[in-house]
Every structure is written in structure tokens, then in C-alpha cells.
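Please go over the structures that come below.
In what comes next, chain A is part of two complexes: it sits with chain B in the first one and with chain C in the second one.
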Partner chain A sequence: MKKFRIFISGIVILTLFSCADTDNDSPKDNFDQQAMLSNLSENIFLPNYALLESEVEDFILRWEAFKRIKNEANFIQLSEQFKEVYHSYQKVNYAEFGPAADVSLRNNLNTFPTDTAAIINNIQSGNLTINTLGSFDQKGLPAIDYLLFSKSTSATVNLFNDAKYVTYMDTLVDDINYRVKSTNNSWKSSYAGTFSNKIGSDIGSSIGILTNAWNQHYERNYRDGKIGIPLGIRSLGLPLPEKAEAYFSGISTSLAIKNLIEMEALYLGIGNDGINRSSFDDYLLAIDAQQLDSRIKTQFTAAEEALKRIESGELSEQIKNNPAAVESAYQELQKLILLIKVEMPSRLGILITYQDNDGD
Partner chain B sequence: MINNKHIKRLILPAILALVITSCEKNEDVPQPSINGVSTPATYSFERNGSSSVSYSGQTERLDQLGEIKSKLKLADAGNQILGTDLLAMYANTNGNGSGNFSFSSTKQLEDKTFSPDVSYFQDILTSAANASNNGANNITAANGTSGLLTRGNNNTILVDENGFEFTQVFEKGIMGATLFYQIANVYTTEEKIGPSVDNTALVDGKNYTKLEHHFDEAFGYFGAPVDYKANYSGSDVVRFWAHYAKEFEANIQLSNPLMNAFKKGRQAIVDNRRDVLDEQVQIINEQLDRLIAACAIHYTNAALNASNNGDRMHVLSELYAFTRSLRYSNPEFRKYTITEIDALVDKYIGTNLWNVTPNGLNSLKDELSSVYNWNAVKDIL
Partner chain C sequence: MKELIKRLSGLTHIAPLASFRFIFGLILFAGVLRFAFKGWITDLYVTPTFFFTYYGFEFIKPLGEVSMNIVFVIMGLSFLLMAIGYWYRFASISAFITFTYVELIDKTNYLNHYYFVSLVCLLLIFLPADRFFSLRTLLKPEDKLSHVPAYQIGVLKLQLGIVYFFAGLAKLNSDWILRALPLKIWLPAKAHIPLIGGLLAKTWIAYLFSWFGAIYDLVIPFLLLVKKYRNIAYLVVIIFHLATYFLFQIGMFPFVMIGATIIFFSSEWHLKYQQKLLNLLPVKKQAQSTVETNKINRPLILVFTVFFLFQLLFPLRFIAYPGKLFWTEQGYRFSWRVMLMEKAGYAVFHVTDPKTNRSWEVNNYDFLTLNQEKMMSTQTDMLLQFAHYLKKYYQTQGILEPIITVECYASLNGSSSQLLIDPTLDLTKVEDTFAPKNWILPFNPNL
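Right after this comes the complex of A and B.
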């Protein structure tokens, strides 16, 4: 009977393989995909976008308060709330598809390093046109990071006595608010339903789209953007610490850890209420891939621990003074890629098809 | 109680049958079809023991386009180039582009370009040569200034004062206005392959009928080796439109549909099956349209994700030229008229690439994705 099973699965694999260009049936299983997608939608994406929106609104309130009374106490409230916004953005940044992709949420909110010279130039010349492709690096959270944290508290408070700075900050805040609201509203009004109902593992299925978006984020924006590039991975080992995320406020490592925990929560299906429901791990268990599931969980833990070893002090300092520890964290992040980009999609019958920019 | 052995006997043949039938389209062997016209394994057809296929004129034009691109790339690298050279290559003056081509030919790209657009392409070539002066003086391009931009891979590109990269706008433009135009509006039309075109007598001194040859010329403009197919691993170079079908194969499976339509269409001509030929012509036109739209969608994503001006202007130039190429669709099969495509380009891309907005690109992507049915892959293309 065992031989027979092997033979059958051999044929099934052959069938899938030889027909790979016409359809990509998911592995035959009894896993309830719709339950997984509904869980991710109801308990992760919807609450995460709602949280980001409310953190942004809170930031606006504090910005308004600071504008009325420009003192250090109000500034500290403002800058602390900025960090909350940046952390809550780490809960949604891996989901750049659907409504988020429609407003290019990631590029508009978090293109770093930010172009400080261009920002100053915009402020001085009164250029508030920051909606072109070339202005991604003059706006969003990194631009605010620069405006709020590049000088001492007293100097920054004083800076905003110049109306031009206030106007530019208003423009930045409005743009973030508009894009976050638009994303959240689209998820609430229609996309949550669309997402939950597109089952299957074909290109265009929700699991396919999510897995592609998650991996693209993990590889390019997370591993490279947050750690690899500042460490010098793309510059022949020459460190570029000034390219770190949130370079001026120095919360880079904290954001990286937060982001990894959120991606782990996605994998496990843990909602904002802390309850573990159906997600990728359960899917792997349902198709008898316990080993892979446990290797993924172990690697998430190893990567988190490696990041926590560089948590004290700013990332840019760690890169200068403790490069071996940063390098080791990078290596642990690298190991996770093999598991979530190659092994998991292959077991679940998902094709990784996102394309990087061509080089011709 | 049913015995397991019985199940095996029933299931195995059923599975095997499923394997065989479900994969029929992908097998690399001649395929009989319900309507009696087979799809050959490769684009190879014979009469009396020798090949009846000929499209050397198209191959020469594709080679010419490749060499014009190489010339333009000299300017991308910061060298001065001459407008007279470029124009002579486009018109193939003296049979060798006034000495600029590495080979002689009686064919040219210019007289096969959609005629109202010839001056548009001549202007690009002249402007490229003029701007190469700025490039040779190492002037960095900016909004309002032509010159060089450095890409992420450290290569430079030459762009005009509005950010358009000459090399891309010309090459991808000719892919539309000449290669695609000739397939869609010349060689797959009534005039060239309709019922009145001779499919009996051999052309004087040749081994093909007029009808066969015209269809071969359409295939020649596609840029595929005769044995091209999905996941192609052969050694022949896959060029231009076929290259893009290959490039995006992971997300849009058009290599086999297009190749099969060319092969089956040609077989239908041999078999005198007008009905089957018409079906294949429709597939070729509709799927080439979708391929071009997919190229445009890909480059909206690339533009949204570009991280420096060089890469951004490079991919925006490709986006512009591919979107504009949709102008040359056959009116019988197209989704947009020429005026509508021009309006689309104007609305979402505009005349100055430095001013393109993410909102514009996202709107363009959404529109093309719905119209050409690429919604499922629009964000990953």
C-alpha cells in the first residue's frame, strides 16, 4: 500500500509539474483556507490598519498642540508619539498589496535614507509638490524623523518658529494621513471580503499575493533595507550606517525587532488580541510539514535573539563598534529567507513570482 | 467492501489518462486537434524535403534594430554620436546604413514603420545625437536639462530635458511601431493572408506560396527561435517581443499560447483551413496586445520601486514606450484607439518624466490591468 501511495503522489507531482504553466493547484488537503484568510483579515490586517490610523490621528493631535504652544513639553509628547506611529507601521509594512499598493503606501511613508538636502531646499523654496516619484525621499516618516530628531530638542523647538518648517510638516502629515486613511477605508469597505474569498494558491490567490508581498518586503525592505545595506552588504563591506531606518531618532533596531515579531505573528496567525488562530503554521501542519513548521519557528526565535543582542544603543553605533554582532543578526535573518521564500511556498504550491527591477 | 486492488485497477488508468490529457498542450510533440489541424513541435515546415519557411528579411531588420541600439548605447556611455549616422541606419542608406551596420541588406526599418510616425522616430535619433554633446561633456541631466544619469548598476544613460532615455524610447518604440505594427496591421491582415492571396502556386524560384511567406514574415517579427516555448532552454537568442514573453513567464504564461498560435496558424495554411487560421490570427493579435500591456504594468511597478533618478527615468522611458506601443493594435482586436492611447499616456505619464506621480502610475496600472485582464498579477509583475 505504501508503494502505491508513493506512486500516486509521484504521478500527482508529475501532473502538477508538467502543467505548471497552466494552473497551480494547491496540494490536495483538507485545510480550510478561507478560515485562515478570514482570520488574517479580521484579526490582523483590519485591526493593524485601524491602529496605524489612530496612531497617526494621535500624532496629528499632538502636532496641533505643539503648533499652538511650541514648548519642550509638547515637543516631547509629539516626538514620543512619532515613535508610536513608526512602530505601528511595522505591523502593516509587509502587506504592500491591494489597497496599500494602490496608494504606494510603503514608498510614500517609508523611503529611506531621506534626502535631507532636498528637504531643506523644499522648505526654503516653499516647494510643497511632494507627489512625484522623485520625492519619495523627501517625505513620509523618514522626513519627519529628520525634522524632529536631527537637532537638539531646544534647537528643534526653535526651528518650528519658522513658518516654512510648519508648512512643510503640515504637508508631510496630511500626505501620511490621507494614504493611511485611504488604505484602511478600502480594507474596511471591500478589500477584507475580497481577500478572504480568493482561496487557492494560484497566482492571484490571496495566499499567493500575500506570500509574494511578504517575501518581497522581507528580502528587499527588511533584510537589506533595515540591516544589510547599513551594514555594508551591498557596498563591498563598506558600512553605510547613515542609511539605516529612523537614523535620526535612532530607533532602527527597535523597529526591526518589532517588524520581525509582527511577521512572526502573521506566520502564526496571532491577532492583536493575542489569540493564536489559523495561519501559515497551521497550513503546514495540515499537510504534514511539521518539521518545516518547527524549523521556521526556531529560526524566527534565533533571528529575534540575534537582533536583541544589538538592541542596546543605536544601530548606526552598533555597526561601527560591534559589527560582528550585526553581521550575525544579518546571517540569522538570511537563514529565514530559505525557509519562507523557498521551502514553505514549495510545500504549499505557491509560486514566488515577484520581479525585481531589471538591469538591462 | 471494495478491495483495494480493484481501486488500484480503476484509479491508475484514470490518473494516467488525466496526466496525458491535462498536459496535452505542453507536450513537445505534434498535437492532433479536434478540428484536424495539428500544432507542430517547432515552427518548421517542409515541401519536397526542404524548408518552406523564410523570414530572413525580418531577421535582418531585428539585427538592424539591435545595432542601432548599440550605437545609442555609445551615447549612454558618454560618447558623442552623429545624427547622420543614426538616420542612415534607420533608413539603411546604401544597404549598410552608410557603413554603420556590420552587414549588408536590402531591407530597412524606416519604410516598415507606421508611416505617420516615421518623423517621430527620426526626431528621437536627431535629438539623441544633439544631447550626446551634453553627455560627452559629462553634464548631469535634471528637469529641463538633457544629459547623463547614473543607474543603480553604475551604468549611465542619456536622457532628454524631460527625462526620456533615447535608447529605450527608440528601441521599444520601434518594437511597437514597426515589429508589432507589421504583425498586427500588415502580415496578419486580409491583404496579406486573406482568401484572395495565392496559396497554391509557388513564388518564382522559391519553395513557398505567397500566403505561407506572408505568415512567416509575421512570425519573423516576433523574435522567437523556431523551437521557442515556455521555459525555453535552447541556445538560440530570444529577442524583442518573444524576449518579454520569456522574461515575464512566471507571471503571465503567454509563450506557449503565442508560439502555438503561430505554429498552428502556419499548419492551417498548409492544410488550407481558413477557419483555423482565422482563430490563430485572433489569438496572436489579442495575446500580443496583452503582452504589451503586461510590459507596461511591469514598468509601472518598476518605476514605483526605483530608488534613484537613473533607474527611474530608465524604467519610466520603457513604460512610456510600451504603453504607446498599444497604439499599433489591429482595429479589429484592439481595446483602445490611437487617440485613446495617446490620451492615456498624456493623462497618466505626461510629457515630462520628472513630474510623473505615483497616483498617475497606480491609476494607469489599474486601468491596463482591468482592460487586459491582468488584475491577478498587477502588483507582482
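Right after this comes the complex of A and C.
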């Protein structure tokens, strides 16, 4: 037993020496995950969902007004408010988990490209069952984008003199309203608390859930959906500009920039009041990953600038006439993935799969 | 040599072997149930459209959904039969075959402890572990065997010793010892744990855990062998593995090791607990059976010798490869490198059709599961396999000679991410072999 004790003391002494030699053991404050989660939920998610809900309500008011008096002035009000709704949706689309996932907010609100032939067919045949898995591409914001923007203003106003169009539009609006309200209510009533309290970094923790949802959105719905697919990355290099988000209203790039700014706000913890509080950047600083933090910030800026270079005119036009600039924006978005999907979770110890792993 | 064989063949009581069979079978049975209830049979072996086969085992393919479930039912029953000691020869063979088959389907799911389980199942086929403390001997007491040659228990101790010792050797690298990596990254991520969380964020704790882990792995098999230290050593085994269970997502491994290491205890210890368990059963106490013994089995000793020589040499194959092992991972698997590094990567495959000169990127998630993509993004042989799969896929799309390159960035132990392999190399022209992959770019630790 004596030898064993000497042996153990040896280990302890060696260990202490190794610390002294190689690393200054600066006692740092533990990062308060709960503060971060509370901030995200109180200052970002709750106000963002509330904003989306109120924008949708505004849209409904204008839709009702337009239904009463179908003139161009009311239509312009309606279509401008539609763009507000679409932009405010960019504040929540990366958070497809919890209440949003419960109502499949993304699939129901923003599946694009929308199936224009099926929509016309639904309208003409009076088919209002848009709650099936197969009808995601006949509803939501892209369907309204098609109905409001595919024709000239006067032709569109005229279109809604056909009661079938009004009925279909009513169905689309009701569905969006229901899902947005349901999401917002769940967040307000219970999920905000659940979210703030599930600390940790495992697969079921809020940071794990958020990071995974955010990355999945960024990779598939943002980089690919908004830019990559119209650019032709999934079609053997053949551009498909008609697959852009909000193709008919032509606000694709504006939505993409908005979305990126919102994801940056998430990363930085900037609330709707503009105040920067605890979030991923502070978490990285707390574990001494300043360099990674600054690279992420720099890359957000670079990606925004690249997107702004293709901001003028419609994305579909830019893809046809200025493909190199769109390609360069895509590459800048690509670089950010590496940072937020690979390096950040790796440094923060966030698990991205639930499977057993022995670290190799 | 003769002396050695004589020593190895000296008789020892069979009880530890019987307990080992019982515990090992039970834990693995629980492991199979856990796997099935988590839905992993479907997630891992039915859902994926592509599987990363092992070199030389490309013919191993998953069966359909129903058949895969049947395989797992057979596997579970085999471990249960093994535990109770009935139809043991069949059970151990079928446990080995089903378990190894499933592990060989996709290297995405490679875990060192799965390899360990396969090896132990293989050993158990050749050991008379059902001849004591088993349903077989309860029903048929004349089959009872009280003593076996020492090597028949020794092989299991040696197997465990190899796992620990090589795991310890693998930790003797500068990242682990001098920089406390990757624990310095992993432990602070657990800082929210009540009571000890605050400590886990401290750098000195990462060093303590790293050094303790390395020393633990290197010396624990020897301490377990010595009677004087056995009890305290086993206590350390329990604490160590439970700590890893609570801190990391490593599944059944801690329990397999806690269960398996009881083989080191004396036969008196085992007999005592076996009797306690038997007393719970409504069976009449049986008289000790005759002391029958196994004869020296020279062919078996030869088989074991070859088996262990392989195990002593195979983990060392990394020495033959140039470059940083953790970066290239040439000779990394099947070498007891457990919880050694934090590595993550991101791979973008570029395809060019030389006919049209058009280029595009591959959406990995169209072909791979989240976990497959994650594993592939840091392992060069998997990147190559996927490129070859893509080549076949695009050929079916009418692109006969696709040029496929990969832009793969990886980060090792918190380094900035850097290119893992040559991004200009057409992977369709490269074959995987055991030769060094000279297209892996060197790791720059200063980035």
C-alpha cells in the first residue's frame, strides 16, 4: 500500500508541475448558459415571433381592406405589407425547433419554388385542402408571392374579382395566421421557460437544439435554398433562377441579406431593442476562443458585403447577367458554414448527433 | 516454452470465467435492447442509402428492414443465452457473427468498444464458459467443470490488459500530456453540471484528468492482477468509468468495462457471489460435481498465440505511416484510441463534367445521414469512398467521366480549420490501399 501511495503522490506532483509549466491557469468565470438562453428567448425569439404575428395581422387587415375595395391603392398597401411579413419571417426561420417545429412552420410558410400549376388547379377546382404533406408547395408565402406578383398590378387586382381567387387567398392567409399564432403562443406560454432552463451542450439541450437547427437552416435553406439552388449547384451546374425565394416579387436578395443579419444578431445576442447581450460570441470568449469569435464576425461581414454587391435588381437577373458575383457571394456564405457548423460546435462541445461516440 | 505451456495450463477454478460469461452476456443483451429502443437499427442500417464499408469487407451489405431487425433479435437472444449459459456454443458463435456483421456494415459507426465486444465473443467461442454457474449445469450437473487451465481465463485478462495498455500508450502524445487536449475543450462544455461543474472549467482539472487517464490506462491491468491492490483498483475502475459515462456520450462502454474487469477477481470471490445468486433460485442445492479438467489443447494455444500477436502488432501499424496520426488517421482504427481528439470537418465535393465543362457542388445531405457526413468530413478513406460512390451516381446520370475533387477543411483539437487533402486531386483516379496516402496535406499546428 505504501508504494501505491508514493505512486499516487507522484502523479499529483507531476500533474501540478505540468500545469505550472505549460499553461497559466487563469481562473475564469464560468459561462452562464442560462443567462444566454434567457437573453435569446426574451430579447430575440419572443419579440421576433410577436413581430411576425403582428405583421401577419397587419397583412390580414390590408387583405380585408382590399377585399372590400379592390383598387390599385389597396393592392399596393397589401403587397407592400406582404414584403414586411416575408422580411419578418427571416427573423425566425432559423429557429425551426420547439413550437415552430410542432406546426412545421418552415414547410408550411416557406416551401419554394411554389407549384404554380397546382395552385391554379386548386383555385379552379375549389380544392382548399392544403394541409397535406404534398401541398407544402401550394401554400404559404411563396404561393401568395405568386398570386400577388406574377402579373401586372392591374391584372392582379382584376384577378381577385374572381371569388375563387379570394377564397384560396383566404385559405392561405388563415393557415399562415394559425401557424404563426400557435408558435408565438407556445413560446409565450411555456416554451420560453423550457428553452431557458435546458442548459448543457448535449443533444437535448437548448444550445444543442438551437445550434443544430440553425446550422441545418443555414446549410440547406439558406445557403442552398436561397442562393445555391438558383445558381445551379444542385442541377449539374445549370442555373435555375426561377427557383429563387420570392421569385415573383423579386425580393430574394433583400430577404437573404435580412436573414443573414438576423443570424448574425443571434450569434451576437443583439435583441430587438438593439442591445447586445449574452450569446454564442460571449460563450466563445468565455472559453478563450477569441480568434474564432473574430473570424466568425469577420466572415459575417464579408458575406453581407458579398450579398450587397448583388442587391440591385432581382436575384434571377443577377444569376443570368452577373453569375460571377453571385458565385462569389455563395463562396462567402460557404466559408461561414465551416465556422458555425464545424469550428464553433467543436469548441463549445456541442453534440450534433445523438449516437454513441468514443471520440474518434 | 515447455515451462510456459505448463504454467499456462496449470489448473485454476472456472468460477471467474462463468461470472464473466454471465455479466458480459447480460450487459450486451441490455446493449442490444438499448440500441433497438433508440431506433438505431432503422436509423443506422435501413435509412442510409450509402454505407462506408471496410477495406476488404466491401461485400458486407445491410439486409432489408425486416431482416436487420431479425439479425438484432438473434443477436439479443444470443447474448441472453450466453448469459444464462444455455446452448452456449451456438450462442457465442451467433453472437460473434451477428455482432461482427453489423459492425462491418458501416465504418461510420466504428467504436473501439464494439471491436472489443467482437474480439471477446470470438474468444468465448473457444472457452468452456458454460460449464459452471449456468442453466446447462443446473439441468445437467454431470456437465459441470470445476477447473480449467489457467490460460483459458488468462486470455480474457490479457485481452482487457491490451485494451487498457494500448489506450494508455495512445494517450502519451504531446497534445494529451502537455496541452491537456482535447479534455481542455470537452470538460468546460460540462461546466453547467451542478456541484462539480465549476471545477470542470478549470484548466488544471483538464491536466489532472488527462494525466490520471493516461496513468490509469497504463497501470490498471497490472494493479488488478495483484491481489493486494485489486479491491482499490476495482474501485478506481468503477469511479473512472462512471465519470466518463456521466461526462461523455459513450454509451455502454463504461458498463462493459466495469463488468468485464471482474474477471480479475479470485475464484473465492466469484464463488461467493455466484452462490448468493443461486440461493435466490428455487433449486435444490447440488453437491459439487467431480473435479474434471480440460486437457492441454495445443492447437487452441496456437490459435490464441496468433490472435494475440496480431493484436499486439496491429495497433502499432501507425508507425509505418508518415505525418501526424490524428490528422491522417492512417492506422487509427482498431488500436484502442479512445476519447483522444476533438476533430471536426466540412467537406464540399466539386464535380466537373469534362464534356460540358460545367461544375457544381454536391449536397452531401442528399446522400448521407448527419452522422455519416460528420464522420466522413474528418476521415480521408471515407472521403475517397464517397467520391467513388458519387462517380457511380453521376455515371447513372449520364456523366460518364466526372472529375470529382473535395475541398475538405478540418479542425483538430481546437486548431483553425485547414485543408485536409489536396483540393485539386481528382479522387476518381485514386484507389484506397494500405500504402500511405500522399495526397493528405500536412497538418500545421500553428494555424
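Details
Convention: the second predicted complex is superposed on the first by the 324 of 360 C-alpha atoms of A that agree within 3 Å, B and C clash if a C-alpha of one lies under 4 Å from a C-alpha of the other, contacts with A are read in each partner's own complex, and residues count from 1 in each chain.
Criterion: a contact is a pair of C-beta atoms (placed from the backbone, for glycine too) under 8 Å apart; a residue touches a chain by one contact, two chains touch by 3 or more.
Note that this is a predicted model, so its numbers are computed, not measured.
Within the superposed three-chain model, A:L315 lies out of touch with both chain B and chain C [touch as defined at top]. Between chain B and chain C, C touches the greater number of residues of chain A.
Contacts of A:Q33 after superposition: chain C is touched, whereas chain B is not reached.
Shared-chain residue A:I296: touches no atom of chain B or chain C.
When the two structures are aligned on the shared chain, A:I340 is found in touch with neither chain B nor chain C.
By the touch criterion defined above, A:G237 reaches chain C but does not reach chain B. In the superposition on chain A, A:T353 makes contact with both chain B and chain C. Once chain A of one complex is fitted onto chain A of the other, the partner contacts of A:I176 are absent, as it touches neither chain B nor chain C. Residue overlap on chain A between its contacts with chain B in one complex and with chain C in the other: 1, 4, 11, 14-15, 18-19, 22, 202-203, 351, 353-355, 357-359. Within the complex formed with chain B, the chain A residues making contact are 1, 4, 8, 11-12, 14-15, 18-19, 21-22, 96-98, 101-104, 107-108, 111, 131-134, 136, 202-204, 209, 212-213, 216, 351, 353-355, 357-359.
Those residues of chain B that touch chain A in the complex are listed here as 4, 8, 11, 15-16, 18-19, 22-23, 25-26, 152-153, 230-231, 247-251, 253, 255-256, 298, 301-307, 309, 311-312, 315-316, 354-359, 361-362, 366, 375-377, 379-381. Listed in rising order, the residues of chain A touching chain C in the complex are 1, 4, 11, 14-16, 18-19, 22-23, 25-28, 30-31, 33-34, 199-203, 219-220, 224, 228, 232-238, 287, 289, 291-292, 295, 334, 337-338, 341-343, 345-360. Of all residues in chain C, only 38, 40, 44, 109-113, 177-180, 182, 185-186, 188-192, 197-198, 201-204, 207-208, 211-212, 215, 228-229, 232, 248-253, 332-333, 337-346, 348, 351, 353, 356, 358-361, 363, 365-366, 370-371, 374, 377, 397, 399, 409-411, 414, 416-417 touch chain A in the complex they form.
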